[in-house]
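Each of the two complexes below includes subunit A, the first together with subunit B, the second together with subunit C.
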Partner chain A sequence: MSEIPLPPIARRAAPWWLLRHETMLAAILLVALVVLGSLNDRFLTLDNLLNQGRLTTEVGLIALPMTFIIITGGIDLSVGSIVGLCAILLGYSWKSFGFPLPLAIGFSLLVGAAAGFLNGLVITRVKVPPLIMTIATLALYRGLAEGISQARSVRGYPQWFYVIGQENLFGIPAQLWLLLIAIVIAGIALDRTTFGRTLYAIGNNEIAARFSGLPVDRTKLIIYTLSGLMAGLSAVVLVSRVTTTRSDMGSGYELDVIAAVVLGGTSIFGGVGSIWGTVVGLAMIQLLKDGLALTGVKGDATIVVIGTVLILSTLVASSLQRRRDGV
Partner chain B sequence: MSVMTVPSSRADPRRIFKALASQEALLAIAVIGLAIAVGLYNPRFLAARNLSDVLLGNAYIAVAAIGMSMVIISGNIDISVGALIGVLATLSGTLAVKGVPIIVTWLAPLVAGILIMGLQGVVIAYLRIPAIVVTLGMLSILKGGLISVTGGKWITDLPDSFHLADLELLGSVPMPVFLMIAATILAAWWMHDSAPGRAIYAVGGNAEAARLCGISQPRTVVMVFALHGLFAGVAALLYATQLRVIQSTVPPNLELTVITASVVGGVSILGGVGTVIGSTLAAILIAEIASALVFIDLSPYWIRAVQGMLILATVIADILRRRRMTGA
Partner chain C sequence: MTMTTEMHRDDTRATPLLSVRAIEKSFPGVRALSGVSFDVASGEVHALLGENGAGKSTLIKIVSGVFPPDRGEVMVDGNPVNLARPDDARRAGIATIYQELLLFPELTVAENVFMGHAPRTRFGRVDWRTMREKTNELLASLEIYDLQADQIVGSLSVGNRQRVEILRTLSQDARILIMDEPTAALTEYDVTRLFEIVRKLKARGVAVIYISHKLDEIFAIADRVTVLRDGAHVATKPVAETDSAALVQLMVGRRIESLFPKIAAPIGEPVLEVTDLERRPLTRTVSLNVRSGEIVGLAGLVGSGRSELAQTIFGVTPAEGGEIRIAGRKVDIRSPAQARSLGIAYVPEDRGTQGLVRPMTVRENFSLAALAKVAFAGFIDRTSERRLAADGVARFAVKTHSLEQVAGKLSGGNQQKIVLGKWLANQPKLLILDEPTRGIDVGAKAEIHRLMGELAAQGLAVLMISSELPEVLGMSDRVLVMREGRIVAEFSRAEATQETVGTAMMGSRKSVEQAA
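Up next, the complex of A and B:
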């Protein structure tokens, strides 16, 4: 009587399923590596793999806060447009306002954070669904980027700026350090802090989380702001890598980011997910792109594959989850 | 006492106010008001040629917004429609160049539209995958597929008889305008007065209540997406036949313009509310704004920012209005 037995299935099921999903993914990744490696001998070289790490950084930086957001049951479709806006403002404030470049970088990071903050503010205060809010700002931020730039690009940055995007640091692409540090911080924050556990609580049952006294609105405001900030950082890395700014930069990023997160086992319905899964998802998407490119598939066809992967991985995840729930 | 509370005549001021405050009336006022304001600044804006160009060139957006409105009213979303229109327009043009009978080139995009959207509806409704995931995936499949098949080439040498948009009806009504008006009226009537039409509102307004009334939610969602595909097909046809060439790529950000027209037209993003008359008026308003920017010497590069502001303002107003209505 005095002791209420904990439901044993609920306690064991979640880690079991998480383990299953990540082992499955890692196995697929391994098979993909071997197959692609045997198809093309340039694929499995250290140079190529490090270069792929370089190319995945811009999407990876955004995928981390996106994991947080999707765990809470939200979504942010405006990230690609924030990348465009921040890239334009970086170039514009440097060239036209005459900001010194470090200040311009700070300014564009600030704008990114502000753009994410606006998303979070309207989502939490006005209760606009995240999907609709970020579709609206997807249009708005891209529109601002187009309007401010007037389709002009900015080039000719000082040489030191290109270090972030093009040079190596201790034998590893410079921006990959940024991504690695961000991954460690995000992983610890999600797994080992109250902030991280609050995200799961919101995703599992927002009303219960609210009644438990968790700071639901503040937490959401933080993750959407973080998403904007990381999109800003991604813009800086991107501009440094490609040496120019254009208003269409980052368009379509939302597809890669969401595909990586969902492929990594984060449930689009909220409540389930991990940073490590997202990292594996990122690796898979980038290796898929590279492997296809090396076997002669053009860039446009790879987004067909990523779109298919996005739908199929959601299908598999949701049918696994349904089986787990015994529906 | 009780007699007093019943609105006794049509001239009841509250009623007139309510009718004027409806989204459709506000939009109609905005369309006319903007035309007058811009016309005062630059009379050339009001030239018949310009106004009819605005209507002709954007009728396909209004047609696509009809289907989008149904999708949003049913509580879903679709961001693949722009890519689909690009694919269907290319399909139609490619068939026309190959010498297929014209009627087939006109029907093919409609059928393909119904099939592709219907398939998405099935995945969303029966496999219960969120519409945003399915349509985001489909967006990239269609967009990437189109470019890798065609290489983005221009389709030229289209037969003269292919150009549906050049036809005129009832004397001098151009086909695009006729189709836009006819589709809007038909859809508005169907959604307001038929059982399946009402089911769209029921499913979007309260899925559980709809289920208890015997309305099958999955079946309604599939129907809505299939119809959305049909309207996308008509839109693609207008888009493909309005110029002498078709660029076989996806028109950039077209889905955003279509969604903006639906939402600004008063379709509530929470589902269950809205009319296609509003979305058609909103499509006209957006096209008018784009044209007006040029006439008041502003760069057309600002149009997407204006769209973003419009959609944001409408969404926030919609939510605040609902909150006041429910007293929360």
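Up next, the complex of A and C:
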């Protein structure tokens, strides 16, 4: 057996069916684009597409670390509440503590990271299942946000702050740059680094990963902290876009985020997934919402369509998986 | 039994109960079976023998309807049957008992036995009384008196669970029973009882296909034996006309000169020195040392604390007291990562859950413990990763059709070679092997023993945990015996025999009885 053929594989070593899943999703996305575009001539315009990119950034930023977390077999349900907490603290520290705005931004990012770090710490040290821990902090962080805000909103930020959420840079929405850079970094990290490999190993067999000397706990701590940090960043972008802070900001984000990640082919059982899939999943959900709205479909019907798409994609994924295992 | 009554009585003597004709089966990249034929008569125990990857599992999966063959046919009572689904096999009277027992631990014996075909009352409700009665009848017919119909299966011993599984196949009127390594997890006592039951089934005319790596079992229970090698039928012989050496040769296709080729190696400085190591409850004031070039065997009963000791040294469960020195330097090992950087490698006992990431590829498994070696600033260099894996595949003769093969789909021996290989990629100074040859076939076993000998000769210190006394005695320069978390005896290679080591393992006569 000395002559093992070295297959010319340079791509990520995902099972072939996963690549197929993502490719198929991209194909469906393309078809949906064409159909929706032919129904409404405002849909397939550069302006509209860029605007949709703007709207999806807040969810997108959180979906990247969520992909990491779900690949390890974990989950983070507290991200929406962290967005709320960070948004409130951004406004509050600026208005009530008198922090200069850049410092307030830094402060709210720090709080986001700390909130995620706390999740990770309890999950790795006390071995509380991620689902339980982040349901608890989902309530806890939202409660803090409401307590601090006392139902007051903060407005009237300086003009430069709105650049992040409302202006264009080189013809592209400013926050979309943030998202694009984050996507590239996350994609490379997952695909090319020992960190990414560790995530897959944890998701597939945590004990063997530990026995192989991989830094399992440290890696988990990093991804939950990252999740909190990105939720903080999402809060900053959101506040800048809507020009105000309220304590209910970001509520329900966790479900949008998880839907995009899972639609993108990341297995909720861990071990399988990619950033590329998450990006397609994000685009799919946002463009379906928009396209249907433009075509005159009502909001509640849109949700029904998105739910159906999610179920169908799961069916396709599991039937592909079965066919592969049945060989 | 319903089908036989429809047949002509004369035919049942002439035609075998089950007959498999020229079965072929290929998977992507692998030819699993090429034209295998064999048959089993009513009342016969037919052993199926072959190395891992020889095609035994594929063959029984075809016979039990898990997947269809590409070519060839399966006949029951001389009539071709279409086994497209496991249910078809069940209806044809074929039942399979797999290594992992498929029982519901929360349910009772009777519920497990009649799962899926519970007797019904006239109103379509489960007839609990009949179910219990029938279970008791089955128990009595096999003379099993230490099992009750109402016991919860989860509370039973492995041996009793297996008996429940056998009862279940009988409750479905199975006439052909396939047993896949039924004794792998059994104590000696349970093996004896299993054989009694198999003999009773034989007397009733059940045909048994018996798969095992243990040759002595085959001589004890089987009438005929069929040997497979690389997916092909090699020979079918009456057991009375053959012997172990001949069977091994048929299986491996070559003579195995020595099962335990320990190379005499110059023994050097101590690599591992452990003094009064504590990690309650199963590591109690343990002191030992392993020198370079030396293989130290660690014997003991299951539960005597051998794996726990290994995992404490390796940092999985860090020590609570005592001292570990590596190459003379005092160290405090808190994690496997730290142990690895100190030059310790640990090949764990449970390959599937601790050693291998089964859904990942051969390449990814090979580099898992040596990522730092193939990465630059955290970025994995794919070329050197593939070279590392290709080297490992070549060095350990791993049978895989590509580096991108999912590791969990390889045979047990090949999986074990990958686990061993992934650790040796780090060039460790100390290698701890926990049951290195459990559940793998003779050929792969000999190769792993050969590798151990070579590694020791190259100056590696090896600590080998094994429950197989012949392996411990054959491979070790020194034998340590553990009992109840302590090291209770030490023997040189010359002093170590079945008797001395065995007695030390058991301790007093009282504990011998407890062990049985």
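The rule is simple: the second predicted complex is superposed on the first by the 287 of 327 C-alpha atoms of A that agree within 3 Å, B and C clash if a C-alpha of one lies under 4 Å from a C-alpha of the other, contacts with A are read in each partner's own complex, and residues count from 1 in each chain.
Operating definition for what follows: contacts are C-beta pairs under 8 Å (C-beta built on N, C-alpha and C of every residue); 3 or more make two chains touch, one makes a residue touch a chain.
None of these values were measured; they are calculated from a predicted model.
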item	value
Which superposed partner A:205 touches (first subunit B, second subunit C, both, neither)	second
First (subunit B), second (subunit C), both or neither touched by A:169	neither
A:143 touches, of subunit B and subunit C: first, second, both or neither?	first
Touched partner set for A:185, first subunit B, second subunit C, both or neither	neither
Which superposed partner A:298 touches (first subunit B, second subunit C, both, neither)	first
Touched partner set for A:128, first subunit B, second subunit C, both or neither	first
Partner chain(s) touched by A:27 [first = subunit B, second = subunit C, both, neither]	neither
Most subunit A residues touched (candidates subunit B, subunit C)	B
Partner chain in contact with A:35 - subunit B first, subunit C second, else both or neither	neither
On subunit A, the residue positions that both subunit B and subunit C contact, one per complex	none
Of subunit A, residues touching subunit C in the complex	1-2, 4-7, 9-10, 13, 15, 192-195, 197-198, 200-201, 204-205, 207-215, 271-272, 326-327
Subunit B-facing residues of subunit A, complex	75, 77, 122, 126-129, 131-133, 135-144, 146-147, 149-151, 252, 254-255, 258, 262, 268-269, 298, 300-304, 306-308, 310-311, 314-315, 318
Touching residues on subunit C, where the partner in the complex is subunit A	27-28, 67, 314, 316, 335-337, 339-341, 346, 348, 353-361, 363-364, 367-369, 371-372, 375, 378-380, 382, 386, 390, 393-394, 397-400, 402-404, 406, 422
Contacting residues of subunit B [partner subunit A, same complex]	77, 79, 123, 127-130, 132-134, 136-141, 143-145, 147-148, 253, 256, 259-260, 263, 269-270, 299, 301-309, 311-312, 315-316, 319-320, 323
